[in-house]
Amino acid sequence: MNKLMNMDEAITRFVHSGDMVYLGGYGCRCVSSASHEIIRQGLRGLTLVRCSLSDETDWLIGAGCVSRLLTSIVSLGVGMGLGAAFRRAMEQGIPNKVEMEDYTNLSLPMMLMAGSLGIPCIPVKEMWGSDLLKFTSFLGKDKFKIISCPFTSQSLMMVPAINPDVAIIHVQQADAEGNAQVWGMEGDCELGAKASGKVIVTAERIISREAIGRDPNRTIMPGFRVDAVVEEPWGSHPLAVTGFYDIDQEFRLMYREASETIEGFEGFMNEWVYDVRDRPGYVAHYQEKYGIERLEGLKAAPYFSPSVNYGY
Amino acid sequence: MWEWSEDYTPEELMVVCGAREIKDGDVLIVGSGMPLIAASLAKRTHAPGCTMLLESGVVDAQPRRSPQNVADCCLTPGAASVHSFFEMMATHLQSGHIDIGFLAGSQVDKYGNINSTCIGDYYRPELRLPGSGGASPIGCLARRVLIMMRQAKHRFVSRVDYITTPGYLDGPGARERAGLPPNTGPVAVISTMGLFRFDSETKEMYLESHHPHTTVAEVIENTDWELKVSPAVKPTPLPSEEEIRLIRQELDPQGMLRRVLR
Amino acid sequence: MNKLMNMDEAITRFVHSGDMVYLGGYGCRCVSSASHEIIRQGLRGLTLVRCSLSDETDWLIGAGCVSRLLTSIVSLGVGMGLGAAFRRAMEQGIPNKVEMEDYTNLSLPMMLMAGSLGIPCIPVKEMWGSDLLKFTSFLGKDKFKIISCPFTSQSLMMVPAINPDVAIIHVQQADAEGNAQVWGMEGDCELGAKASGKVIVTAERIISREAIGRDPNRTIMPGFRVDAVVEEPWGSHPLAVTGFYDIDQEFRLMYREASETIEGFEGFMNEWVYDVRDRPGYVAHYQEKYGIERLEGLKAAPYFSPSVNYGY
Amino acid sequence: MWEWSEDYTPEELMVVCGAREIKDGDVLIVGSGMPLIAASLAKRTHAPGCTMLLESGVVDAQPRRSPQNVADCCLTPGAASVHSFFEMMATHLQSGHIDIGFLAGSQVDKYGNINSTCIGDYYRPELRLPGSGGASPIGCLARRVLIMMRQAKHRFVSRVDYITTPGYLDGPGARERAGLPPNTGPVAVISTMGLFRFDSETKEMYLESHHPHTTVAEVIENTDWELKVSPAVKPTPLPSEEEIRLIRQELDPQGMLRRVLR
């Protein structure tokens, strides 16, 4: 089944105000472009599930789309620190209060994995002794449970499965059915997508079903579990995509600085989100403003994998 | 043999101290920045057989530039294995295969508990901090934890505002009572001013050596509890010229480390 | 660290009588050659963990190496049915009684996964109502436990983690440190190897560390978790290895028929295991007996994957 | 339109009956042999949008020969996704995404319970059988289960010796009481002699249609309980010529299906 559509249609059909939304990406393959469309559509009250959030979460919070955050770390990385919009929301409730449930880079993907496996909960061996157990947010008593291990009789910490309403992942390539392929750092995209009710795949390029079959081990999500496929070159910018483009740190720092004030944040949003219609419009604006050389300069240098034989 | 170098920055000395904690054959989990450089330095000097894991899912990365973060795409080409932070955290760390974890934070207390979550009240923070990421599980489950932090009175506190990463909690046996695996926990704190260890009886942090550019009194002044000092306290051994050369010319040619910390 | 050694040394050092041994492979990449060495060394009392056993399990049982079997299915495949040695052991105790704990292709890999995650147990949603719950073998009451889900209060079935003493996996390629790469069907090799205390990697070919780094997503086991690396071309024969050689069904049927009698089984073992020193000796004997054309005829036809860019 | 074909074997008719149970858009999990051919037939005729998963970890396989088993390497090249049976069982089946599972076995009983583990006592079996593999989880968790078996009195029994795969256990509500998800269970049994369904009230298997080459009496004779027969029982519709052509020329050119079953 051909599930190709543009971003506007994908978000309209599969993401709704109040949804729990899993966002893919870990340093690279971030869902920047999909987040812009969510902001343009003015969705509200989202619960974001994001293990290691990036710029897109800060935009979504600053634009007022987010009520709750299920996450493990909120730094934008070395030299960037916490997002200013995030901090305004947490510390001053601007534009709205955001509730946040703190987990870790172990427990949160374990919870997504439990979701992807269809089981209601899973044991973890960490958090003991930490204040992560002392303070809970919107999950309350369901943040974790301590039981007696039925095999060893020792205390066993169980964390609940997460099953978001919808997952958005950005991948290197997909076909029109939604078979999605990645390489490089994998993040928790597969876990998040498999845990979710609906799945939107955005891809740097659309390839044929035949081309997918030339290397089927790279498929992290088979098409039958995917609801929408969007061809979206530069979809992760200013974050990187292995094999396509590098991180645009200069652009990120520009946002970081602008977002220190509400006016600066709004200016950025107007220029890069509201005043462009879609990602091609965004890329066109970037090129116009900074020149084609800067965009070209981000493109990946070659470092090609060897071919392997799938024959028999 | 090596010549000692008088020309070094506090951060470079921290990296050298970190490297010295690594034994050949150790399996390390590191973030970018100082820990990555420290581990790389150890691998290039006395610990060629150590294995470096990046929290982002990369084993034995071969970056050709200073990574901007732990998930920088420059860490992928040439690595021995690239998958996910889930693989690192769950199948290598949680299963008990990590010897050393490097951690940082905004506050550390005398039992080596680390706070990277919030200053002030958790629900109404004066300052919200990044949160755990991989820090809490690493602090729970790695055999030895090395803490690297800038020294300051508001950072070396008697009790952290929030325990993101458990050290020795409130003293001997507390980790085990809380449910953490035996034979784990912080073994050293490396600051801009000195090197600290934990008393094997009391589990309290004490000053092992002060960096040559500072004094014991200065370290005490920048610590917010009554810091115990080793009777054998001495200046931290200087970096070697070779170590400084490796750092500056090969491991951090862009000088990112120095840029970040200043 | 260079961990290259020959099969003799790898088995001598890392597999011992009485061990619980995980065997990798699922239709392809079977540990045929390692199993022959275990038989030659006369190991006894092994507990095999094998999700979907193949010819090698039948050889090991017939040769008297096995006391216990933790498995999910014991057919050798369409047209082959159950191994004759397996059946003699189960039905007549020849050469020795083998105890078998029956699980499924869901629960057993879940148990290996729990082992690989370092957690003591994991929930599964199956087996309810089946006689798998009614009859247990050597695990007794620890085959499974039913608890009340701490989140939903519904009954929750927990199965125990498995942590074998040693895992043996056969892969397409590895380097001398043990970084092991596969493509094609993955089976449960990664779960089994990560759940085990020691890991032996046998590989069709040894490649350089630099070559591993050209496609690091294909690594299923990083070298630091591996104890021994054995270069073993044709190591899975008569089972297949994607990209190297096809299944040798004729040879398998020959064994299947021979093994119907104890004498036939012993004849096969003498000819193909005891009377050859190692896998090169086995391959040489095969060539001598059946001709080089038949061996060549098994070699894989080309079906090459496209190269992908890991650059940035 | 299609012409009906009088030239068919019982196994070919079984495959056609299997294909007819598949709706467009269904997600199927199949083994090799008859189920694979049935699913392929459906995909080539009325259900082009169905997705075929092989238990071995392959999605949408494109084999160029008849696979010798579910893990035959010929299933890999050209597939949409290739990973592991764990992925299939845990992340697609256990999570509730499989519409149809095809199963076989050595015994089936009137409630659709299947035995593929042992004949006689479990601990001292007269005949040890393969065991569950993926059968038990598929029977537990797929929305609709189709059972394909050769008809024989010792195979169609009142109560199986061992329930490897739960059908309706001992009647209405028993699956749910045992802890299995609602709206799952066997929907049809396709044998060499007829097509059976389950009464929506009693959950007991009854004869829906007898294959044209046999009679109701023959089916009853080859069933070891008092088989109920649909008041509307009729001969199973013949395969179409196109279906037979597809099976013989394209889906099973090596005639493996026929070889295996004879």
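A, B, C and D are the chain letters, set down in written order, and residue numbers restart from 1 in every chain.
FYI, a residue touches a chain if its C-beta (ideal position, glycine included) is under 8 Å from a C-beta of that chain, and two chains touch if they have at least 3 such contacts.
Note that this is a predicted model, so its numbers are computed, not measured.
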In contact with subunit B and with subunit C at once: which chains are those? Just list them.
A
Looking only at C-beta pairs in contact, point me to the busier pair out of A-D and A-B.
A-B
Distance between subunit A and subunit D based on Cα centroids, please, to the nearest Å.
40
Roughly how far is subunit C from subunit D, centre to centre by C-alpha average, rounded to an integer in Å?
29
From the mean C-alpha coordinate of subunit A to that of subunit C, what's the distance rounded to whole Å?
37
Can you tell me which residues of subunit A touch two or more of the remaining chains?
110, 117-119, 124-125, 184, 186, 214, 217, 240, 242, 246, 300, 303, 310-312
Counting only residues that touch at least 2 other chains, which ones in subunit B make the list?
58, 72-73, 76-78, 82-83, 90, 94
According to the definition already given, which pairs of chains are in contact?
A-B, A-C, A-D, B-C, C-D
Listed in rising order, the residues of subunit C that touch subunit A in the complex are 110, 117-125, 142, 145, 147, 149-152, 154, 156, 158, 160, 172, 183-184, 186, 211, 214-215, 217-218, 240, 242-246, 300-312
Note which residues of subunit D are touching subunit C in the complex, please.
32-33, 55-58, 68-73, 75-78, 82-86, 89-90, 93-94, 117, 122-123, 125-137, 140-141, 162-166, 169, 174-175, 178-181, 259-260
Taking the touch rule as given, give the residues of subunit A at its contact with subunit D in the complex, in rising order.
1, 116-119, 175, 177, 179, 194, 209-210, 212-214, 216-217, 219, 221-225, 310-312
Sort out for me which residues of subunit B touch subunit C in the complex.
25, 27, 49, 51, 58-60, 62, 72-74, 76-83, 90-92, 94-97
Which of the residues in subunit C come into contact with subunit D in the complex?
26-28, 51-52, 71-75, 77-79, 81-82, 86-87, 90-91, 102-107, 109-110, 113, 124-132, 135, 155, 157, 184-188, 191, 240-242, 246-247, 249, 303
